[in-house]
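Next, two complexes with chain A in common: one pairs it with chain B, the other with chain C.
Entry: the complex of A and B
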């Protein structure tokens, strides 16, 4: 039972991060009807921007020492008395990394927002009014462009980045089984939930959100009602790119920075299809389900199955409900 | 038959033609060529770019030593992007352009070595070393022209498991990437562990990159493993796994195989993430480059590198990956020299025969002592331990030969 709880928690924590990734795909789809196949690569860029601003820039010769590692006298004194890898040591390590973590997050969010804006302005906007299929194909082409560009800017090596929260170990005993949790993972989950909730609330209750929903319903009508559809498109892409930057940073802290982060987008795309392309709630449930199934498969059958079992479930759901768990059924009138 | 002047001349001409034919067909080339595919771009570009200068260095040293029986050697390297099909195309191009002068080839991956293996027949065959330690390749019956420049991954597991046994260990976890590279020694390792009375308490397969570290660390923690052997990684996953385990205060002793034993990676991880690789152990077939007091060949490399690579990282340190390439080239050169100096043509079959006859060879310090090529591999290595304070891997065991 204890092990079941352990893997359920692991799965749900992974699921919330999938949900944060998925929110970008849903936001773009809701506003523009474009399924962004390149979203994983936007996340990968977010992770590499975080790496750039939290590791490369602070390590540069011209950067002040405190940016790389802020260690006032009191902290040095405290660290000296602590054993290696102690919980308090983890908190102090995080504190000394805080300047570069903040720089990393700020840099990643700004750069990714600019990236989202660039994609929308140069690749999507010229196609407004054209077939959605053409726009989707552009996102497919974007995968190669972004993958190649990444290779030109950064190395292909797996790199370390600082955790965005103290990675204090948490140990519990449940049903005579030790339960292990990482402190940083709990904070990651909280950040992901907060962001997810804020975006859903924004789409539901703010003017911008109403504009997104109206555009999603019918672009022409939205235009005639005075909504600037291009601006809605921009906002959706910027929203997807900025949440992608945070998701990328979180993924980088959990799994390291590597080109494989781009592939997460494909897994999450399956989750989005399972939940319903235009349903935040559906996607949230699907993300938690896939996270849970992955953890269970990992626990019971091992790593090879963890990559297969959840997606079989996704396929089954799509076969039964082609528009996803909570997706809006499209009725084509001829 | 009556011997007339006419039949005598005809017979003489035929005999001369028959004797002279091999010389005409396989004339002594003005130079020997060794081709190579390297991952200068792609996921292992860092390793490829560190290895590439080794060819320049090897070419200079070998030619300064008189080449192969007086004939100079030339290396031809091309980028593969770590894509086996690209490497195969490079090999075929080298065969077409260099012809018989191409006497050996260096591949960049297990994938390429397996892909090219069926092609290595007749005119298309060449002696072939690589970056791979895949156990399947060490089989002269099926892969007569291919060799490993050290122990196979299965041998490396044997060395580690023996070391665990010698240290009084009773259980072990195997953590490996879900790739051919990762899975290679697992079944063999389980059998060997059983023979040694070591219980395998966890077999954990992970993604080769971007693995879910918290879940894997949790499983390791719950397994209660005293030792964990990591297999199938190069720059990623293994340091994160160790980092996660250390943060949880797990006492597990981590061990790696060749590709997880590079000092440059361990130093970088220490600089970026802290000292959690302290005490990490693993098997290395070769001495590290800084341990060259008893390695005259390394001393020669160091002198040449100081001059040739001044101002680059290679000036003072040669990575384990570069050493592996240098060792593979030295083996090819040894087989070539033994063949040519024995008065034989450097045909693939003659070279393969020379390869299998390498016995008690003094490599000049790559290995702990004289080595023998058995089953197209050199099954020797020892266990090293990393210290974050010194930034060095130092030996913790004697040399094992398996």
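Entry: the complex of A and C
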């Protein structure tokens, strides 16, 4: 029972990160009707930008020392007094890493936003009004371009990056079995949930959110109502790219940066289709479900089975409910 | 110069090679392929064999994407099934004591049939969903099939992660153990596949596929059973990919599961888009470009760097970028592919000097 709870918690925590990634795909789809197959690679770029600004740049010769490791006198004094493996020690370690973490996050968000703008401007905007097939296939082409570009810029594989929060282990006792949680994981979940909530609220209540929803409903009507549809498009792409940057940074702290982060996007795409392409709620539920199922598969059958869980789940859901659990059925006119 | 579409009989109208240009072109190509094993050097034979294998697969992809309009991103899985069927079937036939000489005659149709059956299963979601949902469903199928091949439990049959050694085909005592001999087989089968698929689109089945591509609801109203024809389309295209996979297994000494991952599926689709969807010659042009890109890169990198390790390791990423850019370029500027460019060129030549374009 204790093991079950441990795996469930792990799964749900992974699920919230899936949800954060999925939000990017859903936002772009809602605004532009394009399903971004390359979203995983945008996340990968976010992770590599985080790696660049939090590891490579502080490690450079011209960078000030405090950027690499910030150790004022009081912190050294405090560290000296602490026993090994104390929670306070983890917090202090995190504090001395804080400058480069902040630099990494800002750098990743800004660079990824620029990347999103670039993609939207050069590839998506010329195709407004073209068939969806062309747009989807362009994002498929983008997969190759981005993974190749990554190989040209960054040759490092499976490098580790600083956690974005103090990584204190937390031990609980439930049903007589110890359960381990890590501080950084909890903060990741909190960040993911906050961002997810903020985006849903933004789409529902703010002016630009209304513009996104109106564009989703009918592009030409939205245009004639004075909404600048191209601007809505670029806003959606920037939104997707920035949430992708943060998701990428979080994923990088969990498993290190590697090109396999790009493949992650496909399982999230499966989750998005499972939940319904245009429903934030559905996608959130699907993300948690898949996270849970993956953890169960890992527990019962072993790690390699976890990889195919999203794909099997999406096949089953698509066969039963073609538009996902909560998706709107498309009305097709002949 | 063709002055008009002048046909006196129905038989003339229905011919596959309906004008003298096509006849000359096809005959010349057939003659070239027949001569190549005798005159070409080893390198050309290797590249041409790769093209032949890819060509058969892309012709199959063309049936589903180009003619039936069902977006599939999982065709590498069918190639994997075709490829893995060969050593497994060979082993089965050995265990019942069949002579080597007739094994390919059973193994190749067997591989095609298994792929077609899997194709029907993978095509099942196409009855419920289309467009992007189908793309993701086929993509998922690709991941799942590769996962099953890599699975430890099936490793005695599939070799798991480390792959499998494949046998050389032995046709009635003629052991095809050099690439030159394999090329003859590949070229012959590629020719047959293209002609068969081209012929398919003069029949009721092929016209039903095209009707489904244009508007599936309208096709259904006209009395075309979507259930039957969508699955048939998947089965035919999977069969072609299965044949390509079988030849792949015969051609190379060893097959690995990672060769059939998403990258190959994307390559197949890229070849189709670059060449031109829904046209007979589309796959041919597309495959030429897609197979030549790595070779040309190898050549240029060899010339520029002369073997410097730092430069050589940049080749794989550059190749990926070029594949992606090719897809994007053709979708944005020439969605009908090279085939359209060639058509335009031929038309201009044909009308010259009376009119342009």
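Methods note: the second predicted complex is superposed on the first by the 328 of 334 C-alpha atoms of A that agree within 3 Å, B and C clash if a C-alpha of one lies under 4 Å from a C-alpha of the other, contacts with A are read in each partner's own complex, and residues count from 1 in each chain.
Heads up, the rule we're going with is that a residue touches a chain if its C-beta (ideal position, glycine included) is under 8 Å from a C-beta of that chain, and two chains touch if they have at least 3 such contacts.
All values reported here derive from a predicted model rather than from experimental measurement.
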With the two complexes superposed on chain A, say which partner A:199 touches: chain B (first), chain C (second), both, or neither.
neither
In the overlaid three-chain picture, which partner chain does A:151 touch, first (chain B) or second (chain C), both, or neither?
both
Touching A:14, do we find chain B (first), chain C (second), both, or neither?
first
Please work out whether A:109 is in contact with chain B alone, chain C alone, both, or neither, and reply first, second, both or neither.
neither
After lining up the shared chain so the two structures overlap, which partner does A:35 touch, if you call chain B first and chain C second: first, second, both or neither?
second
Is A:256 touching the first partner chain B, the second partner chain C, both, or neither of them?
first
In the overlaid three-chain picture, which partner chain does A:304 touch, first (chain B) or second (chain C), both, or neither?
both
Looking at A:167, would you say it contacts chain B, chain C, both, or neither? Reply first, second, both or neither.
first
Would you sort A:142 into first (chain B), second (chain C), both or neither based on which partner it touches?
second
Across the two complexes, what residues of chain A are contacted by chain B and by chain C?
151, 155, 263, 304, 307
Going by the contact rule at the top, pick out the chain A residues touching chain C in the complex.
35, 37, 123, 126-127, 132-134, 136-138, 140-152, 155, 263, 266, 269-270, 273, 304, 307-308, 310-312, 314-315, 318-319, 322-323, 332, 334
Please name which positions on chain B make contact with chain A in the complex.
41-46, 178, 203-215, 217-219, 221-222, 235-237, 239-240, 243-244, 246-249, 269, 272-276
Residue ranges of chain A in contact with chain B within the complex
3, 6-7, 10, 13-14, 55, 84-85, 90, 93, 151, 155-160, 167, 169, 171, 177-178, 180-182, 185, 251, 254-256, 258-261, 263-264, 294-295, 298-299, 302-304, 306-307
Touch list for chain C against partner chain A, complex:
71, 73, 124-125, 128-129, 131-133, 135-137, 139-141, 143-144, 147, 150-151, 215, 217-218, 262, 266, 269-270, 273, 313-314, 316-328, 331-332, 335
